[in-house]
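Down below are the structures I want you to see.
Two complexes are shown next, each including chain A; its partner changes from chain B in the first to chain C in the second.
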Partner chain A sequence: MLLVDDLRVAYGKILAVEEVSLEVDERELVAVIGANGAGKTSLLSALMGLVEPRGGTISFRERDITRFPSWWRVRLGLALVPEGGRIFPDLSVEKNLLLGAFVVRSRRGLVENLELVFSLFPVLKERLNQRAGTLSGGERQMLAIGRSLMASPKLLLVDEVSMGLMPKLIPEILGTFRKLRGERGMSVLLAEQNAREALQVVDRGYVLKNGRVVLAGTAVELRENDEVKTAYLGL
Partner chain B sequence: MDFLQQLVFALVLGSSYALIAIGLTMVYGILKVLHVAHAGIYTLGAYMALLVVTHLTRNFWVALLLGMVAAGLAGVLIYRGVYYYILRRPRIVPLIVSIGIFTAMNELFRLLFGPYQHAFPAVLRFPMVITPYFLITQKQLLIIVLTTFFLLMLYLVLNKTRVGLAWQACSQDLSMAGAVGVPVDWAVALNFLLGSALAGAAGVLMAFYRNMVYPTMGNVVAYKAFVVVVLGGFGSVRGSVIAGMLLALVETFLGSLEWFNFPRDAIAFLLLILVLMFRPKGLFGRL
Partner chain C sequence: MTLGYLLTVGTFTGIFMILTLSLNILTGYAKQVSLGHAAFFGIGAYAAAILATKFGLSFWAALPCVVAVTTVVGIFLGLPSLRVSHDFLVLSTIGLNFIVGSVFKYFSFFGGSMGIVDIPTPTFFGKAFGTVGYFGLTFAFVTLAVLTSIYFSRTWGRLAMEAFGEDETAAKAMGINVAKFKIYAFAISSAYAGIAGALWAHYVGSVFPENFGFDRSIDILAMLVLGGLGTIRGAVFGALLLQVLPEALRFIQDYRMLVSGAVLALMMVFQPMGLLGKGSFLYLRSLGILRHFRRGVASGAP
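And then the complex of A and B:
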């Protein structure tokens, strides 16, 4: 479904992503784990079209989208939950959700997606008319995820969703992605610093270090890997 | 009564300030560019309308419509032809380019139409209001009614349509707006179209009201519109409308006092300095 080949991203002369190749299949949960500054956010930004890659190709559902503007990628079925949520703080929760559904043209699709979001995060329903900037950290993340789901995505890109969350909320939020795969047949690419929690929910993973993929395998393989254990799981 | 008569003058002046400042505010809100050339668009609207009344028809409505269309398209052209390519540069770059475009437009008007003032002989059937207390000429009434109409329309577009929602998102986080599926280039182009058409309308209305069109008619307007945008709290449409009206009220009433012997146009800039010193976020903050 998503095929990334030899992707490179640079800011000026500083390389953030180097020769990264990876893939995500239909109904697959994949993690990209790595420390702060490993290039996870740059990778996801390039996939979403927020930065222009220096080289390589991105293809999504058999289409080369490397040079597509981000709004076009949303129409093809990509959606992003960015680092820190990046909700629209001065707009109401409702408007944030409506903006998420900007590419959804049918009334029915809109209502269905709203119901899905409210079933996952009932608290958003109570906060509909509240300014999004007044939400708590956890609620903002929920809104960011909810907003991305409003577009009926086929592949969800999730950047560092566990950051800033209360520890007990993390498995719950990550668990929703498994639920989404089950109910909606969605695929998810999860960029996570929190390898321990991420490797509990995904099928496969890539380890990113200094912008390069240094290791890839199934979640079980990665959990058992000695290098991963010492560097990312703190065992 | 003199007070009511002055109020009429202030409303007319405030209408022109508001119409121009709206476009500037919208552009600043989304692109964070100080769009100086916006005042050139105002003049362009007036000249387009002048061409219509001198060559095509004396009908005011046709002149207004074509003036707005020309202004709107010119605004889009400035965005797609120039700003689009320099948006990621440091902010000083688009600012200087914008000043350059404004100067070039002024010179172009001077070359094409000559450095003198043209009369604006449009004809309009519109009522006049005469009461024992004040008089509203047909031109004044036209400006007040049309501005009210435009502001209402703008309110509806901003708050009740998809485009308005897209603009709200763009002004908060342009790249995130794209990432939720808003066709950002289209949204910004439409924003220029509407803001510039309103500036064009202001140009036509002022040309009609003062019965003159000349190349530098946008100069004082350019500076004043900036004052209005700053007073209104950068990027807030509602703030700009209120600030435009307030500025016109202050100018009109101070200017009508017998002991007030200063140039009226200086008031705006004194206000600007005071606001920047004591309330740099504008009079009302972000509305």
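And then the complex of A and C:
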């Protein structure tokens, strides 16, 4: 479904992503594990069309989308939960959710997606008219995920949702991605520093270090890998 | 104070209401700060003046052309906003005042510093508008501007503008074509300004380059900021206040620029949402008073 080949991202002279190749299949949950500064956000930004790659190709659902603008990618079924959520703090929760559905617009699609979001995060329903900026950290992440779901994505890109969450919320939030795969047949690409939690929910993973993929394998393989154990699992 | 004088003040106030509503879409909704709005106003006024005096078009026949011209120029002048950051946009819109002013001043087609005079008063079924009629005409357009603003404020376009006004990258990730909606904002805003310009040109009967300078841009922005950026009620109220107060307090008139500048600076520091904007002191107070009043009526009923 998603095929990335030899992708490079740079900011001036700083190379953030180098020669990254990876793929995500239909109904697959895949993690990109990497420490702070490894290049996870740069990778997802390039996939979303928010930064222009220096080289390489991105194909999504059999189309070469490397040069497509973001709005086109969203229409094709890509959505992003940005790092830190990046909700619109001055707008109401309702408007934030509506904005997620910017490319949908049909009343039916909107109602269906809202129902899905409320079933996953009932708390958002109570907060609809509240300014999004007044939500707690966990609620903000829920809103960011809910907002991305409003576009009926086929592949969801998720940038460090676990960051800043209360530890006991993390499995719950990450668990929703498994649920989404089950109910909606969605695929998810999960960028995480928190390897321990991420490798609990995904099928496969890539380890990113200084912008390069240094390791790839199934979740089980990665959990058993000595390098991963010492560097990312703290064992 | 004669009725004629009041109507004249009213007509100018109406024209400025259209201008603040116009700027509200660009700066209030799309957060593209413009310190060059008088340029758009001037282009509308000059287009109307030229179409009336050189091509002999009536006000009504010229109006669609004026709107078309200002819309196209607005799109063109909006293009830099796609490339430059907010700070630089502010600077480049300041430059706009001087570029447009110079073009009016140094090209004989635009009348040079002598301006364009003898712009005829519009007619309606063969009868020229008098002071009362023109006041009515202006407020018909104010009403139109308010209604279309209300309509626009309920569209996806407005929502898109609010979104990229807060966070452009996040808005892009929502699938919003930010460039398109920025250009829309410039186009719509400058179409409104064109109408205001046409009304001005035909009312005053002449246009001069210095009518549409930087100081006028500051006036318009000060009105909007005073009333409340991003709200229709604020745009209307701000224009009313800053147009009528100086008339009432004659001595202020010589210090117009000082008043506008001070209003702008003070509001930005102390009440950036404006007098009637979202969450402003007065607006919250008035809501509170209304609620109190309603409760009073309800409990007072036997």
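The rule we apply is simple: the second predicted complex is superposed on the first by the 235 of 235 C-alpha atoms of A that agree within 3 Å, B and C clash if a C-alpha of one lies under 4 Å from a C-alpha of the other, contacts with A are read in each partner's own complex, and residues count from 1 in each chain.
One rule holds in what follows: a contact is a pair of C-beta atoms (placed from the backbone, for glycine too) under 8 Å apart; a residue touches a chain by one contact, two chains touch by 3 or more.
Here the structure is a predicted model, which is why all the values come from computation and not from measurement.
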Room on chain A for both chain B and chain C (clash or fit): clash
Touched partner set for A:48, first chain B, second chain C, both or neither: both
Touching partner for A:168 - first (chain B), second (chain C), both, neither: neither
Partner chain(s) touched by A:105 [first = chain B, second = chain C, both, neither]: second
Partner chain(s) touched by A:74 [first = chain B, second = chain C, both, neither]: both
Which superposed partner A:13 touches (first chain B, second chain C, both, neither): neither
Chain A residues contacted in one complex by chain B, in the other by chain C: 48-50, 69-71, 74-75, 79-80, 82, 86, 88-91, 95, 98-100, 102-103, 147, 151
Chain B-touching residues of chain A, taken from the complex the two chains share: 48-50, 69-71, 74-75, 79-80, 82, 86, 88-91, 95, 98-100, 102-103, 147-148, 151
Chain C-facing residues of chain A, complex: 48-50, 69-71, 73-75, 79-80, 82, 86-91, 95, 98-100, 102-103, 105, 147, 151
Residues of chain C defined as touching chain A within the complex: 156, 159-160, 162-163, 166-167, 169-177
In the complex with chain A, residue positions of chain B that touch it: 162, 165-166, 168-169, 172-173, 175-185, 286
